[in-house]
Amino acid sequence: MANASAANSTGQQASPAPRPIQAGVTLDFATLLGVAGGFILITSAMILGGSLGSFIDIPAMLIVLGGTFMVTSISYTLKEVVRAQSVMLRAIAYRQQQPSDAAMQILSLADVARKQGSVLELQKHMQNLRNTPFLHKAISLVVDGIPADDVARILEREVYATMQRHMKSAGILRRAGEVAPAMGLIGTLIGLVQMLGRLEDPSTIGPAMAVALLTTFYGAVLANMVFTPLASKLERNADVEAQVNQIYAMGTASIGRQENPRRLEVALNSILPPSERVRYFD
Amino acid sequence: MANASAANSTGQQASPAPRPIQAGVTLDFATLLGVAGGFILITSAMILGGSLGSFIDIPAMLIVLGGTFMVTSISYTLKEVVRAQSVMLRAIAYRQQQPSDAAMQILSLADVARKQGSVLELQKHMQNLRNTPFLHKAISLVVDGIPADDVARILEREVYATMQRHMKSAGILRRAGEVAPAMGLIGTLIGLVQMLGRLEDPSTIGPAMAVALLTTFYGAVLANMVFTPLASKLERNADVEAQVNQIYAMGTASIGRQENPRRLEVALNSILPPSERVRYFD
Amino acid sequence: MANASAANSTGQQASPAPRPIQAGVTLDFATLLGVAGGFILITSAMILGGSLGSFIDIPAMLIVLGGTFMVTSISYTLKEVVRAQSVMLRAIAYRQQQPSDAAMQILSLADVARKQGSVLELQKHMQNLRNTPFLHKAISLVVDGIPADDVARILEREVYATMQRHMKSAGILRRAGEVAPAMGLIGTLIGLVQMLGRLEDPSTIGPAMAVALLTTFYGAVLANMVFTPLASKLERNADVEAQVNQIYAMGTASIGRQENPRRLEVALNSILPPSERVRYFD
Amino acid sequence: MANASAANSTGQQASPAPRPIQAGVTLDFATLLGVAGGFILITSAMILGGSLGSFIDIPAMLIVLGGTFMVTSISYTLKEVVRAQSVMLRAIAYRQQQPSDAAMQILSLADVARKQGSVLELQKHMQNLRNTPFLHKAISLVVDGIPADDVARILEREVYATMQRHMKSAGILRRAGEVAPAMGLIGTLIGLVQMLGRLEDPSTIGPAMAVALLTTFYGAVLANMVFTPLASKLERNADVEAQVNQIYAMGTASIGRQENPRRLEVALNSILPPSERVRYFD
Amino acid sequence: MANASAANSTGQQASPAPRPIQAGVTLDFATLLGVAGGFILITSAMILGGSLGSFIDIPAMLIVLGGTFMVTSISYTLKEVVRAQSVMLRAIAYRQQQPSDAAMQILSLADVARKQGSVLELQKHMQNLRNTPFLHKAISLVVDGIPADDVARILEREVYATMQRHMKSAGILRRAGEVAPAMGLIGTLIGLVQMLGRLEDPSTIGPAMAVALLTTFYGAVLANMVFTPLASKLERNADVEAQVNQIYAMGTASIGRQENPRRLEVALNSILPPSERVRYFD
């Protein structure tokens, strides 16, 4: 145990600088591949079975796309609806940390605080935490001398409130995923009523019904291949972010309580998946 | 820290008067645009594909609209059903505060109480709180000398009871959103049974079926473009109001406990979204 | 404060007698109007579009009504199924108190106990509480000298158990509301299979299919216009009763703890809707 | 009060022997009547509208019955699937106690323990509790001298675990109730694809489609008239058993704490329905 | 009691070695039989009613299988999607312990610790626990001298986190089970629109519609006979694993608190089903 800590720091004076996290924005290939691949698949099916043209109908698109936008926006404010556009992008490109990286980082901070014998020492490393605003805030609470229990409560509340907020953003897409098939159904009913009103000419029945079905088709595609999966992805991301912030919160509270960092390592590993468990000491 | 507080108040005597909140009733453009836009879209589709007349059938409207009203009212009392009319208006025009405004207001009250060294000082500012009945009540509890923990419990209970009440109001619309498609289905079944009973004349099949489908159409439009989105909007508004009241409750309890207002600012910011965080001090 | 209490009681000797509550059984017009109105609406639609006769088919009624009764009773005991008949009546005629009346009553009892300085004084008023068995029981627990915390726990448990029991009763109707459309579907499938088996004579297709659809129609009407709305009404009533009992339980515990009744008034008003808040003092 | 206890026991020496409970296995007539009656109803409808023969198709039955068995067993282990057979029987014939009988029994035990002044006295009555293993176990924990709080915690955990286990058993039937209609749909799709492949001979369309619909019919009947109602019955029985065990657990903990049995009576009556409340004393 | 413990260990010196658990990977026959049997059943039905060839359509398979893969992967990361393949295998072959074996093992460890009077004695038996990593970790926490309450909290958190992780894995399959029918519907809509566009030749209607229905068929089979049941099986396995780990956690905490192992036996039996209850002592 003694040599393990020696291997980590060469002395009391030269304390190890916690590595800043490289948290650049990355593209989510699963999202890109999934959406693009899905559309290529069904487009191929359309072309294979005839011409693509019979699947394009501007009024039908307007009813489903426009109607979904209109009806979804009833349940929210204009500000939220506009923000929803950028929310969708966040399912494709975002900055996300690995829970194990977060655990290593907070352990290195805990190690520094322990070795220097004072949480004030962490102030020197705070410029490295600019990339991780939650951790930055957490550490500054400790450095400001707020009691560890209060820090834990404040951070916990923030983790929960952040998660709620992200879930609500995903909720707009999830709502759109419910509205789209409904608008598709409404469009198809309009088409059916119009078609049934002029049944005299049997040759028009087929094409008229094909057009009527298009809104149902658009609604099903939008809901099942775009809105609902993107909402799930956003919820998943919110979940991972909450887990990372949880790790920061646990670690910061432990630093504030001046606990042994080895104890913190055990606690963090109890919530990390086996493949992501960390070994900072020994 | 000292100069920050100096920047805020010019002295112990001239305490800053907390600004009253301008909480006038505002129209909700998202609701108005969404409902109007949605109806314009589907009306255009009806006109484009033929005449609007084939979509208007008074008996079908009576079944769906009247039936939805009747059946929905079974689950409630007459009083609640009548009140539901005004509830729908509250999805269009209402008075709502920003959480950040609420946070600033309660912080200014906490600041006054701190600087004057007595919660009784707040009595002078209570006429400014007439626009925000919840805050007015919360502050009077503190001024009346009720212990901070009791105040917190009373306010918490009121936040919860208010939210429950608003959710129940939204529930009437949500219920109507379930009943409308059911009445549409019942109407369509009536139409189908009548049509199938006199199948001899094939030329009447089309129009008869078109009419039969109209109740399903009305039910789908009412439920998906009116009742359900309005219910969601009401629930969202109840949510925001609960958040605002939560902020008032947290702040009032903090004032009652005579905590440092800076501590309160940190606590409030932990539940506000990043874009709405407040900086009252420095 | 002193004159307020003087306005309420003319002296220590002549303590105010808490008013007994007039809780007679009242008819629920919303339920009656809703069910009757709904049926008048769809009957009109049937007559307008042809003869009522084509909507009456005894075997179809037997399948849906009888089948719903049979299948629903599988999930319960015979005793519960028989009791369900009277449960349905309770959605039409029942005795229900306003939460504000309950609050006034318990406040007057708290006032008596406070002024006389002893909970034993309440024994004199217990004959007035015969109409409200829950309150009667609650007060007798206090009069019997059971500690206030135990009284609170016992009453809380009873409020919860009563609510659960009412919900279970409503559950029978809710279950019937699920079974009815299923029986309708089964009946329609039987009709369709029979019709498809003798497709030779095209003239019989229409009427046969009309009859087949009738079970679906009966199932939809029963479920959506009778069972489900009545279940909702029963659940709503259970909710209001729980709220009333909650008020009695809060008040009784407060009397047992010999708290100031003014404090109780504040606590009760925190859970009452603004329009039902009470002012017993001043 | 004194004479009430005298009426109960003729003296300190001749303590009243708590009556053993007659908990024989009883048939559940609601289940039997419901299943049998439902099947008689739909069979009559089949015969009335033609021959029963057109509703019997062995391959269709194999798909639905066999498929439901196969697919349901994927989600469980072989052992659980085999046990599910006997689980279904438990919805028809089972041993169940009335909550009020359980309350009387535990009250009589509490009375004995109180009068003899020692819980060890209960050891003499334990042979009477063989029919009620949960109560037997509960009393032996107390007799073994385990502290009352530990007894309460152990019994609570067992009540919960037993309920979970019964719910899981009911879950197999509930799962089968979901699988059966899915298998019915799959069977109908197979039939439709086969029928549509040889559309040349119009005279075969009707019968082929009738057969295709049969799997949907079987699936609907199995799910709605057998699996789902039986699952509900099992869940209801688990609920009643949990309530009975809850009563035993409350009573045993009260005996262990050597509380006054009259206090226990009040507590038990607070969770019993009004019609089942017990009066052991006076 | 004394002879019971004598029967268990022949002396203080020769302490009984806790048996290592034979937890090899076993095939889950219920899963194998269920999936294979189900497919044999529907394949038979296809062959009986004509040729198998009319049920095979490569483009339709591509839409449903490929589309389900693509759309499901949108909601996850590429890493998770790849891992999902092996997750499916874990529904067929996995290593699982019986709760009763786990209870016996932890009881034998508790017995050793009790008899030797020190938890450090357990270090000698830790090589036997390699097969059960959770137990191994739990015991090493105790041996490392971490206080029993902390051990309980750490293990509880790990049980919960592990369960959450397994549920999330099952969630991928559950999501695929929702996506597959949606892709089936989209494929059928494409086929219908194409067919309706060229209605001139009536002889092509049947086969074209048969092909259109195939995607719905594939979607129903994949969702109901593969994805959803496998997801249920994985959730069930996660449940059993959590129960086993719960037993280890309870036992380890009890060892850490140096409680009497007989007390632990009673506690463990309160959560085990009656058929799995253990008797380690006497």
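First chain written, first letter: the chains are A, B, C, D and E, and each begins at residue 1.
As a working rule, a contact is a pair of C-beta atoms (placed from the backbone, for glycine too) under 8 Å apart; a residue touches a chain by one contact, two chains touch by 3 or more.
Because the structure is a prediction, the values reported are computed rather than measured.
Peer 1: Figure out the least number of contact steps between chain B and chain C, where 1 means they touch directly.
Peer 2: Minimal hop count between chain B and chain C: 1.
Peer 1: Return the chains common to the contact lists of chain C and chain D.
Peer 2: none
Peer 1: How far, in degrees, do you have to turn chain C to put its CA atoms on top of chain E, rounded to the nearest 5?
Peer 2: 145
Peer 1: Would you kindly tell me how far, in whole Å, the mean C-alpha position of chain E lies from that of chain B?
Peer 2: 43
Peer 1: Counting only Cα atoms for the centres, state how far chain A is from chain E in Å.
Peer 2: Whole-Å distance between the two chain centres: 27.
Peer 1: Where in chain A do residues touch two or more of the other chains?
Peer 2: none
Peer 1: Pick one for the touching-chains graph, please: line, ring, star, complete, other.
Peer 2: It is a ring, because the chains touch in a row that closes back on itself.
Peer 1: Taking the touch rule as given, give the residues of chain D at its contact with chain E in the complex, in rising order.
Peer 2: 59, 62-63, 66-67, 70-78, 80-81, 133, 141, 146, 150, 154-155, 157-158, 161, 165, 175, 179, 182-183, 185-187, 189-194, 196-200
Peer 1: Which residues of chain E touch chain D in the complex?
Peer 2: Residue list for chain E touching chain D: 28-31, 33-35, 37-38, 41-42, 44-46, 48-50, 54-55, 203, 205-207, 209-210, 213-214, 216-217, 220-221, 223-225, 229-230, 232-233, 236, 263, 266-267, 270-274.
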